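In what follows, structures are represented as structure tokens.
Two complexes follow with chain A in common, the first pairing it with chain B and the second with chain C.
So, the complex of A and B:
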């Protein structure tokens, strides 16, 4: 599918940020998707917010593609309320170094979304103000949404409470 | 009949166990541990239509120190299990526990790393209620089952 005309200024600005031409632009089910190398992801997202009014961060999702290269994919789902348009910005990180720059200083709402991506998939957002686990206990050692993690967990990895009240 | 005829009118003889158990069984104040959608049915159980107060459970006590019966309603994560056990430990003896619904009884559909597969892994459960979520009648039935259990207990006297 063709990228709608109203995205032309956006794609032109993205291509200006990407002289080597690595950004892939596609349309899936009517939504524009950008696949951006992680070296320029922060510049792309900041440009989208500052210059094109994508002020509303819907979600940040991390997926495990389970490939040997560029295993994890992180997707920003952002909306411009001014133009009523939505963009998915994706980037990929390798398993050995799953780190990305934090976007909390662009959208404060990214704080818990990034913590969730760290909690479930182990993506480290450098520069995040408080990168702790969001759902799981803080001493949990695994990232449960990674594909190699067993469904029922690792036995004994999360302790149950003591059943005798006198023991702390 | 028996010793009552010797005392005349106005006397009733019984066993202290029976009296204590009667009192305990008919003033079973629940501690509502509503963790998920079962909690909505638990509210109906306490509300006017199903009216748990007919069985002496008129007040839900949100303080564990005033309650006798913990109703664990809903799925319990490993992280929450510590809070539930802490509340259970603060309830004064004697105390009883209902695991309400499939999730609290067995983990139910939440077959995953984060959910305790049945609260009996860390609580002594007296009655399990099936259903997802169970009807309030079934919770009443569990309450009555526990009342029957209480009435058969040796509460004060121990048989040696």
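So, the complex of A and C:
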């Protein structure tokens, strides 16, 4: 599918940031998606926010591309209220080093979203001010949305509070 | 308290020790630029732990508040006590099988959740939905919005000290449940929407009930406005409480009535119209103040707008099928299943395999739920199960803003503030 015309300045600016030409632009069911290499992700996001008005971060999605190269994918879902447009920026990180620079200083809203990505998928955001798990307790040592984590959970992986009143 | 003793030293958690220590540490570290006088001879500094079983926190929200007298100096929210891992469950279910789980996400407006999932799957799989089903969904969504706002109104006004309001809003909610019961077969977790349409058409009795509700509800709304809009106690409890300006609201990613109360008319029904919201005439209520009172006005006006939408839908709703007639994309009708072999096979195939979006496709679809933008990001691997299904829930975004809004507030306003942000923990915790 063709990229809508209103995205032409955006895609041109992103391609200018990446001399090696690795940026891929695709449109699925009307959603414009940019796949950029991990090295320039922070420049791309900052350009989108500062120059094109993508000031409102909706969500950060972390996915597991199990058995594929560059196993994890992180997707920023951002919108520009001015142009009424939505764009998805994706990048991939390998299993051995699942880390990315934090985007909290670009969008403070990224704080909890990055914590969720860390909690569920184990992606570390360097420079995050408070990278704790969002839903699960710190005592838990697995990342449950990774594909190898069993649906029924790992028995005994979480120390549950005793059902009787404090005795110790 | 001695000079060297910190919050972490004083807390002695008995379970989830690492988690609790990390949380207390995080509270200790928040805004590290702020200096505290740790001598504190009067002992006015304390850590207050609210929840997760506090009745006024709308579920299992846990707050850690550091108080200086009556002022909250720092706050941290701890969520996840209702975490059920729905995203993991979704990866192991077909799209249609997963739908009843969405009812239990935002359990105050189950209909919107069903529609959000179904529209997202329809978008990725390219399924057309008949006209009449679109209008039925719109009516259901708006009824759900009213029902959710009614619960918010009752509890929020109760938080400020008035009990009777709660009873009145629940009387109206009961009428809404009757309507849902009549056309969907369930009062609460309706699961009425289907991929490719809806389960069944409105009965005449249901339409009569909806018409009756649409006629009488505006009068109730007017009465409530009369009671609250000039009420000194209600005003004083809400005005200038939890003020957020529009710039901060965007930065924090607030959504729904909370962002509209700061003056930003961000409503998915206008921003990216879905169903037939571009064919009905309605307004997006906004306020400029960004405080709790502004949120109150926004939600009250939204209920009136919802009634307007339902009226227009009832007038323009065409007759016709309520589910797409393609056995590869949606369930066949029960008549076909019981009386034809093909129908039975198709029904079996839909249950066993379900809808299969094309391999490698991924897309996002959002709707305007009562709490804000509710979106589903789906990645497909070509099978009937989603490879990854990420839910963007409005309550999570708003709770993040609440953490900011609590800093500097009075401890007595905490409960009113939570009421104003209106989070649902079933949805925030996934």
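Note that in this section the second predicted complex is superposed on the first by the 163 of 168 C-alpha atoms of A that agree within 3 Å, B and C clash if a C-alpha of one lies under 4 Å from a C-alpha of the other, contacts with A are read in each partner's own complex, and residues count from 1 in each chain.
Everything that follows uses one rule, which is that contacts are C-beta pairs under 8 Å (C-beta built on N, C-alpha and C of every residue); 3 or more make two chains touch, one makes a residue touch a chain.
Every value quoted in this text rests on a predicted model; they were computed, and no experiment measured them.
Aligning the two structures on chain A places chain B and chain C next to each other without any clash. Legend: residue contacts after superposition of the two complexes on their common chain; A:137 is shown touching both chain B and chain C.
Draw one line from the C-alpha centre of chain A to that of chain B and another to that of chain C; the angle between them is 40°, to the nearest 10. Legend: residue contacts after superposition of the two complexes on their common chain; A:3 is shown touching neither chain B nor chain C.
Of the two partner chains placed around the shared chain by superposition, chain C is the only one that A:84 touches, whereas chain B remains out of contact.
Within the superposed three-chain arrangement, the count of touched residues of chain A is higher for C, of the candidates chain B and chain C.
Within the superposed three-chain model, A:152 lies in touch with chain B and out of touch with chain C [touch as defined at top]. Shared-chain residue A:163: touches chain B; no touch with chain C.
Across the superposed structures, the minimum distance from chain B to chain C, using CA atoms, reads 5 Å.
Chain A residues 135-137, 144, 149, 151, 159-162 lie at the interface with chain B in one structure and with chain C in the other. Chain B contributes residues 78-79, 81-82, 84-86, 89, 111-114, 116, 121-123 to its touches with chain A in the complex. Contact residues of chain A toward chain C in the complex are 28-31, 33, 55-59, 61, 63-64, 75, 77, 79, 81, 84, 86, 88, 107-109, 111-112, 116, 120, 130, 132-139, 144-145, 149, 151, 159-162, 166, 168. Here chain A touches chain B in the complex through residues 135-137, 144, 149-154, 158-163, 165, going by the rule given at the top. Put simply, chain C touches chain A in their complex at residues 14-19, 21-23, 26, 29-30, 79-80, 83, 85, 87-89, 92, 123-124, 126, 250-253, 264, 266, 271-272, 361-364, 366, 373, 375, 377, 379, 387-388, 390, 392, 396-397, 399-400, 429-430.
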